[in-house]
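If you scroll down you'll find the structure; I have some questions about it.
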Amino acid sequence: MLRLVALRIGQAAVSIWGVLTIIFFILHLSGDPTLLLVPPDASRHQIALLRHELGFDRPLLVQYLAYLGRLLRLDLGQSLVQRLPVARILASRIPYTVELTFGALVVATAIGLPTGAAMALWRGRWVERVLVPIVLAGQSLPTFWSGILLILLFGVVLGWLPTSGAQGFSALIMPSVALGALTMATFARMMRIAMLDELSRDYVTAARARGLSFVAVVLRHVLRNAAIPIITIAALEIGNLMAGAVIVETVFAWPGIGQLAMQSIADRDFLVVQAVVLFVSVVYVLSSLLADLAYAVIDPRIRLTP
Amino acid sequence: MSGATGGVLRLPRSIRALAAILGAYAAVAILAPWLAPHNPLHQVLLLRLRPPLYRSPSGTIYWLGTDDVGRDLLSRVIFGARASLSVAILSVSVSLLAGTPLGLLAGWFRGWPAMIIMRIVDSMLSIPAILLAVLTVAVLGPGFFDLILVLGLTRWPRYTRLAYAQTLQIATRPFIRAAELAGARTGRILRRHVLPNIAGPLLVLATTEFGLMILFEAGLSFLGLGIQPPYPSWGSIMSDGRQYVGRAWWMTVFPGVCLFGLVLTVNLLGDRLRDHLDPRSAYR
Amino acid sequence: MRRRLPLLVALLTVPLLTQPARAAGKTTLTVDLANDAATLDPQLQWDTDSYTVYRNIFDNLVTRDVTGKIVPQVAAAWHYVNPTTIVFTLRRDIRFQNGTSLTAADVVFSIRRITNPSFRSPQLSQFDTIRSVDITGPDQVTLHLKTPYAPLLAQLVKLSIVPKAYVEKVGNTQFNEHPIGSGPYRLEKWQHGVEIVLAANGAYWGGKPPFPAVIFRDVPSDATRLADLRTGRADIDHQMTPDDAKAIARDPALKVLSTPTERVGYLFINAAYGPTKNVLVRRAIAMAIDRNAIIQALLQGYAKPVNILLTPASFGYVSDVPAWPFDPKAARALLEKAHAVGAHLTFLTSPSYNRQITEAIQQMLDNVGLKVAIDQVDQPTFLRRREGPAAHAGNLAQGLWSCACQDADGTIWPLFHSGSIWSKYSNPAFDKLVDAARTSLDPKQRLADYHAAFEILHRDVPGIGLYQAYAIYGARKQLQWMPTPNEAFFVMSMRWK
Amino acid sequence: MTLLAVTDLTVHFPSRRGPPVRAVDGVSFTIAAHETLGLVGESGCGKTTVANAVLGLVQPTAGSIRLNGEELAGANRARLRTLRRRMQMVFQDPAGALNPRLTIGGAIAEPLVTRGLARGATARARVAELLNAVGLRPDHAPLFPHQLSGGQRQRAVIARAIALTPALLVCDEPTSALDVSVRAQILNLFLDLQRTQGMALLFVSHDITVVRHVSDRVAVMYLGRLVEVAARDTLFAAPRHPYTRALLAAVPEPDPAAQRGRPRLRLAGEIPSPAAPPPGCTFHTRCPLAIPRCRAEPPALRALGGTFVACHRAEEGQKDA
């Protein structure tokens, strides 16, 4: 077990190194930010001077090795645009994304799980037939569109919720709903399978034979057992939610890492983009690792697949 | 499990109905030049942002109104179906054709080349997809074919991972050994025995991805990095209309509804197909 | 067009219902910016959003008044000793927000800091004609230039003075996050990506700041800024689109503040590649474009047509060089003469430029027989291609040019001098004229040179001016403020009624 | 005439931790043309590994496998492919042995097509012929495996196996996944086919009654080694090895009288792990007759009357029991 965990962590590290390499080369192939930084009337010589000072005139491989070297010393570098340590910029944005991710998770759980349970309990009935398209609608909505419609309806027409910004609980509602829609659909589907799996088990029949009411069986046993796979899926979804935050944060002007990433790509602020991608992929890889481990702990028959 | 001989007619009615809706979308896209009442590129600057059912002084009716440079919105939405569908179909094909063989070979031969492929796959999958796409667009440049290439290049790992896992599983089945004993060479085994058996899950994934690609195309066009102006795509029309969401809701709402309807159809279809192909793993 | 829908009625009534009752004294001014400030170290950044904020924290060596004239700020007076030596006399009563006096040492430090290449200031290019700077008296600083440089004072308008002792003590990174200046406001709180809160500097030498606090919020979406303004969450929309400006004109609680700026909307025409290499084609393009249609229909009148590629807000503007008239027939005839009917052109653009204008120009050129393909890339790629070899720069590109110096030198030299990265055009006669105008200190001579230069540009058409852009601010009715052509956002010049 | 000669076949599987698994350890036997050898033993004794090794599906660690004198061990893919024309396999689970996405006809035709022996109409005719031979109808050809019953599927698997008229057919528990009612039919089919096609059979099963039904000779395997090899009737009449006797004892006799007269010998304990086989005679941990010598010295397979047996006390066995 320990060996396999070590192996998985090693593989995760290789994956993350791969992420950084892919991003590094794609970013640097897309041009450097010197022209964006200087005033339009800067001369050729002045641009070359700044480019040299920024180090973008060195061979790509040299820049890559220098980057990896700094990273090994846990130095994320300094933003070219904001001229602040990247770590500090990231640290100021992460709480917002965490807040948004958590909000979306709450929305997804609060709506997705009961919906999934209902679909399982009333399998094949009209309840399921109505709920399935609704759940699928959740993952068919383009977030940029649903975001705009939400702003239009609740922010502008009804005036119930703030149209932008990140202050206070009310500002969190719309972005959380927009972001949570997709995860809500995933949760509902997972809950449905997990419940159906449990409902088909012998103990359900046995318990009912003992005279327990169906409701009691569901509440006491089925829900609890079905929760196990759901919890592990939730771990995986955290990574997906952080990735999905990119568009939602842009639409709602939510000052998290997604918006930071889009802005930094537009600015070609290389080190910030790389740090954001590093953060998201570490979260993603770690959460999938944890989900795997959780599975293995819950069900020892499942071997860790290398 | 269902045989390939079943044919379309043996499919459940819900699948046929959804396929028909999809077909209608495709028909609109193909027949756009005959269906659209106006040239989708023709501007009348004096008739900007007119609401639906607007009748111009010369008597022309703009059923869905006009956009921000005075083009007929209905015609643009009809032509926009072309961009959405063709980008989605082609990019799914590209990533399916690139990803599947890679996963198939990695799962069959295993060893260190497979390890390398799967680590690359893992790396690509842990980068937020939209960021990867935006960055790749920055390198390759936007435009129709570049967009397909970008989406194809960033989405293949999903097919590779699925094909890999499925192949690993299929490779242990006795009928593979039976085929070996029957004298089938590797190529034939992969083609005749492995591929047909992993095709079902891949098809379901392709359907899900098809819906996602439609959203991606719209998303990238929305960010100004997709279909090039003045050619319409639903995403770019919505992007144009974003600024006018309070006053010209029609620019955002109509293409959005079309997009939503298409993606919902595709997702429902994928869902039904999944149920149909393997009832036990329904909703996974 | 006024066929309104219930939705619109709702939109218009919302602000009336939600607007809180206001006391006479306005305590906080809230400004919606389109972007967060990148840095608040005034010497590290060149973007307008940063400038909008930090200009209220810092004083500059010299500044411009409402009419655009360069007037004293930190420097009380100045005079040229010779064309490459200029002496500044400083005010004595300025204190930084931490209480220390602003002295000649701070001015010298500021200039040396920004001109030191290893400091990597993006603004270095604006000051690199400065060879050295020295303290030559208790409140006197002398600048030595490498060559005579006419726009020097216009550039020094952008030089903020930073406190030497504080910067040296805390270091550049700390200074960037906790800047201290001598301006009317000091930084209270900076939540990156959310808002910047400034508090009034009660001891400001220039008078009492009009609002106890100013909040600059980061609101990238045009629609959201408009909604914020309507719902009373913001007092000023710093960057309003012409369509939105038109839309709020009827709102009784709001008003539009706008002013022509030195920013010029232009069309670059590649004179070094493809069909546009032919001057006849370039002239045909110039005559195919209907400036007035663009200004009236797309910019809602929030722009003025220009005859040359410069605005009247800049030195060097000449009114008597004609523009090519809008004449599609003549354009078509020129194309036929050049055998260029049906020629394929590429229109390079990015999401930073007005898409509607790009599409309108495409249609206008199509009308006279040119096939224009729009090639939209992201801004860094746009700049890289525009700057690179002529073959990749596109045949056409839109631009919105401002050198923030209100001088022709900052516009037509970088755009068309053969030594500039942006130029895809070469004419030795033109080069000679703009070089001469750059180093001459005689305004009359410079104006004559620019006149001749613009006549050459008119004949060769390596680009045409389209319109003088307006700065458009949406504001609550109570705000009293006169925006200036250089787009400076001085809270000190605002009042609340 | 010897068709298959297996000599000192050893197959070890490497293990991640600890010593390798000694699945097959020094097994030797021969099969003559047209003969059926039954290979019997508990599950996990290595009999399936022997079957797989014979077909070249697993690589032997040591030893030799000769088909008509041609060496199979260590043969490359191309050579194996040639050799497999003459030997085929019938699998335990007919559902798994058939590609669910391939028709029965397609599966049966596959060996013909891949070897370029027949195609198109010729192949179809041959498939029809084969289907008839195994008791199916030609109109079964376009069906998919899931449309057939278990017994029909196994018939299809057999039809595929005999498509090339192999000299040797290896059957790995061909009836264990089938309903009891179908078993006898399939076994009789094997007997028929052997008569009509003239094949030799290596028939692997844990079920000694099944083996008895089809075999000419029987080999008994325990923990990777052969413990007894004899002609069917000899073995069932006079089992020499205590393990063989235990196996026979576990079989209910249809005749209660015979049942009562049979020696009672029950197996104690569990089968040891092939990763750590006991020293000496591997059976000694469960053998009621074990003596100290059995713990120290592995018995060799030696001739005793018409039987080959690997037991130090084989001579005494009869009377002790």
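Per-chain residue numbering starts at 1, and chain names A, B, C and D are given in the order in which the chains are listed.
What we mean here is this: contacts are C-beta pairs under 8 Å (C-beta built on N, C-alpha and C of every residue); 3 or more make two chains touch, one makes a residue touch a chain.
None of these values were measured; they are calculated from a predicted model.
Chemist: Tell me which chains count as touching both subunit B and subunit D.
Modeler: Where subunit B and subunit D might share a partner, there is none at all.
Chemist: Go through A-C and B-C and name the pair with more C-beta contacts between its chains.
Modeler: By number of C-beta pairs in contact, A-C is the larger.
Chemist: Report, in whole Å, the distance between the mean C-alpha point of subunit A and the mean C-alpha point of subunit C.
Modeler: 38
Chemist: Can you give the whole-Å distance between the Cα centres of subunit A and subunit D?
Modeler: 55
Chemist: Would you kindly tell me how far, in whole Å, the mean C-alpha position of subunit C lies from that of subunit B?
Modeler: One centre to the other, that is 42 Å.
Chemist: For subunit C and subunit D, what's the span in angstrom between their mean Cα positions?
Modeler: A distance of 89 Å separates the two centres.
Chemist: Quick check on subunit B: which residues sit in contact with 2+ other chains?
Modeler: 138, 242, 245-246, 249
Chemist: Check each residue of subunit C and list the ones that touch at least two other chains.
Modeler: Answer for subunit C, listing residues that touch two or more other chains: 7, 11, 221, 223, 227, 378, 380-381.
Chemist: Residues touching two or more other chains, restricted to subunit D: which are they?
Modeler: Residue numbers touching two or more other chains: none in subunit D.
Chemist: Which chains touch which?
Modeler: Contact pairs between chains: A-B, A-C, B-C, B-D.
Chemist: Can you name the residues of subunit B that touch subunit C in the complex?
Modeler: Going through subunit B, the ones touching subunit C are 41-43, 45-46, 48-51, 54, 68-70, 137-138, 141-143, 223-225, 228-230, 240, 242-247, 249.
Chemist: Which residues of subunit B touch subunit D once you look at their complex with the stated criterion?
Modeler: 1, 3-5, 173-175, 177-185, 188, 192-193, 196-197, 199
Chemist: Using the touch definition from the top, list the residues of subunit B that touch subunit A in their complex.
Modeler: 119-120, 122-124, 126-132, 134-136, 138-139, 211, 215, 218-219, 222, 235, 238, 242, 245-246, 249, 252-253, 256, 259-260, 263-264, 266-268, 271, 281-284
Chemist: For the complex, which residues does subunit C have touching subunit A?
Modeler: Touch residues, subunit C against subunit A: 7, 10-11, 14, 17-18, 35, 38-39, 41, 44-46, 117-118, 120, 122-126, 128, 172-173, 176-177, 191-195, 217-221, 223-224, 227-228, 230-231, 233, 378-381, 383-384, 387, 401-405, 410-411, 413-414, 419-422.
Chemist: Of all residues in subunit A, which touch subunit B in the complex?
Modeler: Contact set of subunit A toward subunit B: 11, 14-19, 21-23, 26-27, 29-31, 132-133, 136-137, 139-142, 144-145, 148-149, 151-152, 156, 189-190, 192-193, 239, 242-244, 246-247, 258, 261-262, 265, 273, 276-277, 280-281, 284-285.
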